[in-house]
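Per-chain residue numbering starts at 1, and chain names A, B, C and D are given in the order in which the chains are listed.
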Amino acid sequence: MASEIAFQATGIEKSFPGVKALKGVSLTLKTHSIHALLGENGAGKSTLIKIITGVHHPDAGRLILEGQEVHFASPREAIAHRVGVVHQERNLIPRFSVAENIHLEQLGASLLKPVDYANLNKQAARWLEALGLDIDPRTPVSRLSVAKMQLVEIAKALSLRSRVLLLDEPTASLTPSETDLLFSFLRKLRDSGASLLFVSHKLEEAQELCDSVTVLRDGSNACESRPMEGLGRQDIVRLMIGRAEGDGGWRKRDTPPGVPPAIELKNVETSLGHANVNLHVRKGEIVGLYGLVGAGRTELAKCILGQFPLTAGTVEIDGKPAKIRSVGEALHIHRVGYVSEDRKGEGLVLMHSVLGNAGITVWRPLSALLGFLTDRLVRHKVTPYIEKLEVKTPSLAQTVANLSGGNQQKISVAKWLAAGVKILLVDEPSVGIDIKTKAYLHDLLRELADNGTAILLITSDMPEMILLADRILVMNDYRLQGQLINDGSYAGMSEGIMNLIHRSEAA
Amino acid sequence: MSYPDLPAKGPSGDIVGKPRRNTAATRFYLTNEFGLIALIVLFALAFQFATDGFFSPFNLFSLGRIAAVNIMIGLAMMVVVITGGLNLAVGAIGVCAAMTCGYLIEVVGLPWPIAILSAVALGAMLGFINGWTSVRTGLHSFIITLATMSIFFGVMIFLTRAESYRALPPVFAAFGRMKLLGIFSPLLLVSLMAALFLGYLYNLTAVGREMLAAGAKPEAAEMSGINVGRIFIYCHMLSGALAACAALMLVARNGAAIPSMAGQLGQDWLLIAFLGPVLGGTLLTGGKASVLGTCLGAFLVTMLTSGLLLLQLGDFWIQSFLGLLLLAAVLMDKTRRTFLARRNMA
Amino acid sequence: MSNYLRRVLAIGLLSAVGVGSASAAGDSKIALVPGGPHPYFAAWEQAGKDAAKDFGLAAADYKVPQKWELSQQNQLLESLLTQGYNGFLIFPGDPVGSVSTVDELVSNGAPVVGGAGCFKDPSSASFCLGTDTGNSAYIGTKELLKTLTGTKKRIAHFTGFLVDPNTQLRIDAVKKAAEEEGATVVQVIADIDAPEPAEEKINAYLAAHANDVDGIITSAWVPAVVASNAVRKIGDKRIKMVAIDHDEVVLKAIKDGFVNGTMLQNPYGQGYIGTFVLDKLRSGCTVKTDAPFKKNALTDKFIDSGTAYVAADKVDTYVDAMRDTTKKLFETFQATYLTCK
Amino acid sequence: MNGSLANAMRSDWFGPLLVTIIAVVIVGSFNPSFLSPLNIQVLLLAIAVNGLIAFSQMLIIAIGQMNLSVGAIGGLCAIVFAGMMDVWHVPAPLAALSALSIGVICGIINGVLIARTGISAFVITLATLSVYKGINLGITHAQPFYNIAESVKSVGQGAIFGVVPWLMLPTMAVGLVLWFMLNRQPIGRFILAVGGNQHAAELSGISIENTVVTAHALSGFLAALAGLLLVARLQMGQPTIGDDWLILSFAAPVIGGAILAGGHVSVPATLLGVVIVAIITQALVLFDIDPFLVQVVLGAMILAAVGANRFRESRLSRKLKRL
C-alpha cells in the first residue's frame, strides 16, 4: 500500500474582522490514509476546512493538490478538482429527493438537458447501499431523521469520487451502530486509495479510525501530521488544550431516600405515542434517560413541557398534580427548565446578543410596573452565571451566532440557571462541544444537583451518561424498558443498558 | 471573569443588535442609521444647491408634515415585520379607524378625545383579528392580511357608502396646519412620541424584548418560556393601533375623514410602509428592528420625492428619477459599508 | 386623435378671442394639476400653453402627480407653491380631502379653481368649472333610455372606484333617471378603473347576462372603453350603450354604430378658461357674489364647462360644438362672474 | 385508502383542485350560464393573462425572493409593444420580440443588482418598479396607444372552437415548459435548490448569481408576455396595464401552496390558484353582489380557499411526524 502525498496546505493564514482565525497552519494528507484534524472549538478547524474547499480564501499560504498549487475561487472549483466535503451544518435541500441531493453537483453539466431521474435513483441507490442505508432514493430529504440526513450528506460527498474527502463531525448525530457502519465504509474507501480528513470531538473515534493526526490550538499547529500510533488519549488532550485533562470521573452521589420527588410522571400517555411512562426525579438527583436516537426521549421532555398534550396519566411537581400547557407555565409557575438538544433551532436566538439570550427567561419576573426593564437589571441578574460558566465572549453585546459551539451551549444552560429552576431537563448537553467545555458542564450539572436541583439528563453519549447519572432509565420505542442504578463502571453499565434495549426489541 | 468595556454603559440597546454611540465609534459608522443620516445630509445639500426654496420655511413645513405621516405608517409596518410577518392591511385598518373617528364625532356626537381613543382601539382590534387568525390557522400573515385588507376596506366602504365625515371640531384642522417655530408641524411630534414609545418598548420592557426574540426565532422563544402566539397577536394589535394613529394624523392634515385617504383597499400606504423599515435596516425575516432607522428611512424617501418635485425634472419621468435615486442611495450605502468593513480588517 | 382635438380647439379659440384682455398680470404662474396621470386631462396641457401665450402669463404649466393618490397630489401642490406658482386649476384628488390643501394654497395668496370636478363646500376655491358628474350620468341615462324601444328597460351601469364620492353621485343619478322612465338598473359594476379587472368583469357579466340586459350606461373612462370593445365583440347591436368621454375607441364604436352615444366633457375649455380666470383673480378681480352659479351635489358655485350628448350624427363635428360652447362661455365669463377694477 | 389517492392528496394541487371543483359546481348549479361556452371563454381569457402574471412571481418566490416590479415590467413592455406598432408602424412580430427582449433585460437588471450587491430583492425591485413605471409614463404621458396591428387584435378576440381563446395557448405552453423546467431540468432544480437552502446550493457548486439572474430574466420575460397578451385582449396599449398585478401575483402562488421563504412552488397549483381567483371574481359579478360588498366577499372567499387547503394540510401533517 504505497502512500503518497495527496494534498498539502502550508502556512495558511486567515483573518476575519477582529479575529485572526488561522496563523500559519500546515497540514499534509496522504493517500491510503485517514487523517484526524483535532482541536477545541474555535481552534480554527472549520475555517481551515472552508479554505481547503474554496468557501473562504486564505490571506497567505499555499494549497497543493497532487504536487500542483491550486486556488479555489468557489466550492464549485474545489469540487471540480475532486475535493469533497461533508460540512458540519445541514447542507441538503429539504424538498429534494435523496438521489437528487446526492447528485446535485453533477446536474450542472448542461442546464437544459432533462434530468434522468431513473438513472439518478439507480446511482444513488448504489451509494446508499454501500453505506448500508435502507432508504428509497426518491424520498424527500425532509422526511428523514437527522441521522439519516447526515448519512445522505456523506453519500453525497462520496458520489463525487473525491480524491480528498473532508468530514467535519460526521458522527455527531449518529447512533453507535450507524457510526460503526460508517467507519467500516471509510476504511474501505481508505484502502481503495482515497485521502480522508476526519474532524471529530470524540477522541475515541479519532483514535480508533485515523492513522495520522494534526492538532490545532488557537489557530496554530499544536502538532502537524504525525502518526496516530504511539499517541495516547492524554497526549492528544494535552496537545489540544495545552494541559492535562482534569479529573472529571464518576462520583457516587447519594440522595437520602426520604427526599420527596421533585417531579413525578404517573402512567403518562401522550399524543405522540408514549405509553405507561412512570418516572420520578428527586431533589438533588441526576436521573439519566438513555435511548437511541428516535426512542422518544426528547418527545417526552416536550410533552412534560406542554408542547404536546398528555392523553392519560399525571405529571406531579412537588407532589401536586400540575397541568403544564406551555414552556412559559413550566418556567414561571413550576420552575421547570429545558436545555434543548437543538441549540441553533430551539436553544438560542442566534442573531441576538449574549445578554438577550441569557436573560430571556428572567425578563418577565424582573420586569416592574408596565413591564419596565433595563439592561442593567438583566445584566445584574445574568452576569454571575455567565461568569460562573466562564463564557468566552468579548462582551455581553456580542451576537451569539459569532461564538463557538461550546460557549453557545454554556449560554443556553446559563439562562435556566439565571431563572433559578428547580427541575432541569437537559437534552444532549455536549453535542458539538469540546472536551474542556464538556468536562466543565459535567461539573456544573453535578454541582447543581448537589445544591438541590432535580436533573433529568437525556443523552445518547453513553460515557457521558455513565459519568453523570445516579440512576439510568432506558427508553425504547416510546416506552421505559427499565432502570439501572449507576455504579460508574463503563463495561457493566453499558452492557446493562444495551441488554434492556435489545430485550425490548426481541420481545 | 469580567467584561471591562461593559459596566460603564447605559442601556445599550444591544439586544436589538443596534450599537449606540457609546459603543465603539466604528461600529456606529457601520450602522444603517449612520448611513441614512449621511445620505439625508448629502441629498439635502444637493437639493439646496440645485433648487430654489428647498430650505424655505414652507417647504420644510410641508416636508415635515408628509414625513410625519410616512414615519408613522412605516412604524406600523415595522412592528409586524419584526415578527417575520407582514401587515398588508395597514392602509385598510387606518381608513377604518379614521372613518370610525369621523362617525363618532359627526353622527354619534362624542367628544373628540373619546372618538380618537375609540379609533385607535378599533385599529388595535382589527390588528387583533389579523394576529389571532394568523396565529390560530398557522397561515402566513401575508395571505391573512391580504384577505382582511379586502374585508376591512369593503365593510368600511359598505357602511359609509364612501361618504366623508368633515364636520370635525376645528382643533383637528388647526392641528394639521399649526406651525411650530414657523417650520415644524406638530404632527412630527406625534410621530416622535410614537418612535420614543417603540424605542422604550423594545429596549426597556419585557414585552418588547419578547417580541424581538419571538420574531428572531419563534421556536427558541417558545422553548424559553415565551408565549409566542400571544406576542405575535400583540405585535399585530400594535400595528393596527399605529396605523390608526397615522390615519388620524391624515385626518388632521386633510381636515376630514375620507374613505380615499389611503387609496383603493388602502394600497397607497404599502410602498412607503415597507420602504421606511427596510431602508432603516429592519429585516423582513424578523427579529431585528430599528426604530430610528425606520424614521430616517421614511424621512429620506419623503425628502427625495420633495426634492425631485422641486427640481422639476420632466413631469412624467419623475417616478423614474425617484427609482434611480433610491437605487443610488442603497448602492452608496452598500459601498460605504463594504469599504468600512474592509478597512476595519486591515 | 387627441392631439388633433387639441389643435382644433386651440385654433378655434384663437380665432374667436383674438388677443384681448390687456389687464393680465405678467407674474402669474398658473399650475394645472389633475388628480393623477389620465388621458382625460391631456387637453389641459395645450390649453394652459395657449392661454399663457394669449394672455401674456409668466407660465401656465400642466403638472401631473406621479400616481392617482391624494397624498401625491397634495405633495405636488405644496411643492408647486414653493416653486412660486401662484394660481391653481385643480381636479380634486378627493372632493372633501383636498379642501384643506386648497385652503392652505389660498391662504398663501394663490387662488384656486376646481377644474373638471368640484371641491365640496365649504372650501376656499373660487368656484368650480367642470362637469356635473351626477348630472352627466343622469342625462346619459335619459339618452340611453330614449333609444330603448321595448317594454322592458333593463340597464347595467359600469363605473369607477367606489372610494371616489363622485361614483356614488353617478350611481344615484343613474338610478334616479331610470326610475323616472320606468326602467330598472339590473346591475352596477364598480371599482373597475383599471383595464384588467374592467375587462374581466364586464366580459364575464355580458357572457352570462347579455340576454338579461337591454342597455349599458358607463360613467368612467376605462369602463367606457372596455364596454365599447365588449359590445363590438358581441356585434348584434341589440344592446344599446351610452359611454362617457372622448376615448378613440369609444368614438370609433359610435361611428360604427355599436355604441349609441357618449357624454362629452370639455377639458380644453376648462383648462383655457380656468387659466384665464386665475390670472384675472390674481390681478384684482373678484368673483361676484351674485353670479348665476349653478348648484350640484358638491358645491353651490358650479359653472358648467359644457357637457353634451354626442351620437353618431355629431361625432365628427362635436369639436365644433364644444368650441362654440367654450367660446360662448368665454365671451361672457368676465362680465357674468367677475368684478374687475 | 389506496396509495395513489393518498399520494394525490398529499400533492399541492389537490386542495386547490378540490376548491376549484366545488366552486364550479356551486356557481354552475346556481347560475347555469356560468358554464356557457361564452362564459368559459371569458374565464379562460382572464386565466390566460393572470396565469402568466402568477408564474412570473412564482419563479421569484421559488428562489425565496420577491419581485415587486412584475407589474411595472409588464406595463412597460405592453406600451413598448403597442407603441412600436402605433408610432413606428413596426410589424407585430418584430414589436413583440422587442418588447419581450425589454422584459428580459428589465429582469436581468433586477437579477444582477440583487445578486451582485446582496441588497434585498424587496428594495431593489421596489426601486426598479419606480424606474420602469416612470419610463412608461415618460413615454406615454398617460395616453394609450390605439393603432395596434389588426392581426394582434384578431388574436386577442379569437377562440378555438369558440371556447378556448388563442391567448390561452402561450399560457399553456409556458405552464408546460415551466413545469418541465422546475421538475426535470437542472436549471429549474437549481432555482428551487437556491430557494430551498442557498448555502447548501452554493456548497454544491451551484452558481447563486447565475441562478438568481436567470430566475429574474425569466420572470421579466413572463411579465412581458402577460403585458403583450393584455394588449391583444384590450385591443390597445394602456399605460395603466400592470398597476394592480402585484396582489394577484402573490395570491395565486400562495393559494397554490407556495412557500414565501422559497424552495417550493407548484406550477399546476399556482394555475389553479389563478382559476380560483378568476371564478370568485366572476361569481361576484354573476350573482350581482352589491358593489359595495364585493371586496368583503372577495376577501372572505380567498380566506376560505386558503383555509380549506390549510385544513387539509394540517390533517395530513398530523399523520406524518413533525420534521
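Just so we're on the same page, a contact is a pair of C-beta atoms (placed from the backbone, for glycine too) under 8 Å apart; a residue touches a chain by one contact, two chains touch by 3 or more.
Everything numeric here is computed off the predicted structure, so don't read it as measured data.
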Distance-maximising chain from chain C - centres being C-alpha averages: A
Separation of chain A from chain C, taking each centre as the mean of its C-alpha atoms, in whole Å: 73
Chain B and chain D: spacing of chain centres that average the CA atoms, whole Å: 30
Interchain centroid distance [CA atoms averaged], chain A/chain B, Å: 42
Centre-of-Cα separation between chain C and chain B, whole angstrom: 37
Multi-partner residues of chain B (at least 2 other chains): 157, 161, 316, 318-319, 322
Set of chain C residues in contact with two or more other chains: 37, 64, 66, 162, 191
Touching pairs - complete list by chain label: A-B, A-D, B-C, B-D, C-D
Complex contact set, residues of chain A against chain D: 53, 55, 74-76, 79-80, 85, 87, 89-96, 100, 104-105, 107-115, 117, 142-143, 156
Residues on chain B engaged by chain A in the complex (per definition of touch): 1-3, 5-6, 11-15, 17, 19, 23, 203-210, 212-213, 216-217, 219-227, 287-288, 341, 344-345
Chain B residues within the chain C interface of the complex: 52-53, 56, 58-59, 62, 66, 69, 157, 161-164, 166, 173, 176-177, 250, 253-256, 258-261, 263-264, 268, 305-306, 309-310, 312, 315-316, 318-319, 322
Residues on chain C engaged by chain B in the complex (per definition of touch): 37, 62-64, 66-71, 74-76, 78-84, 93-101, 103-104, 108, 120, 161-165, 167-168, 191
Contact set on chain D toward chain C in their complex: 31, 33-34, 36, 38-39, 41-43, 45-46, 49, 134, 137, 141-144, 146, 157, 230, 233-236, 238-241, 243-245, 278, 281-282, 285-286, 288, 291-292, 294-295
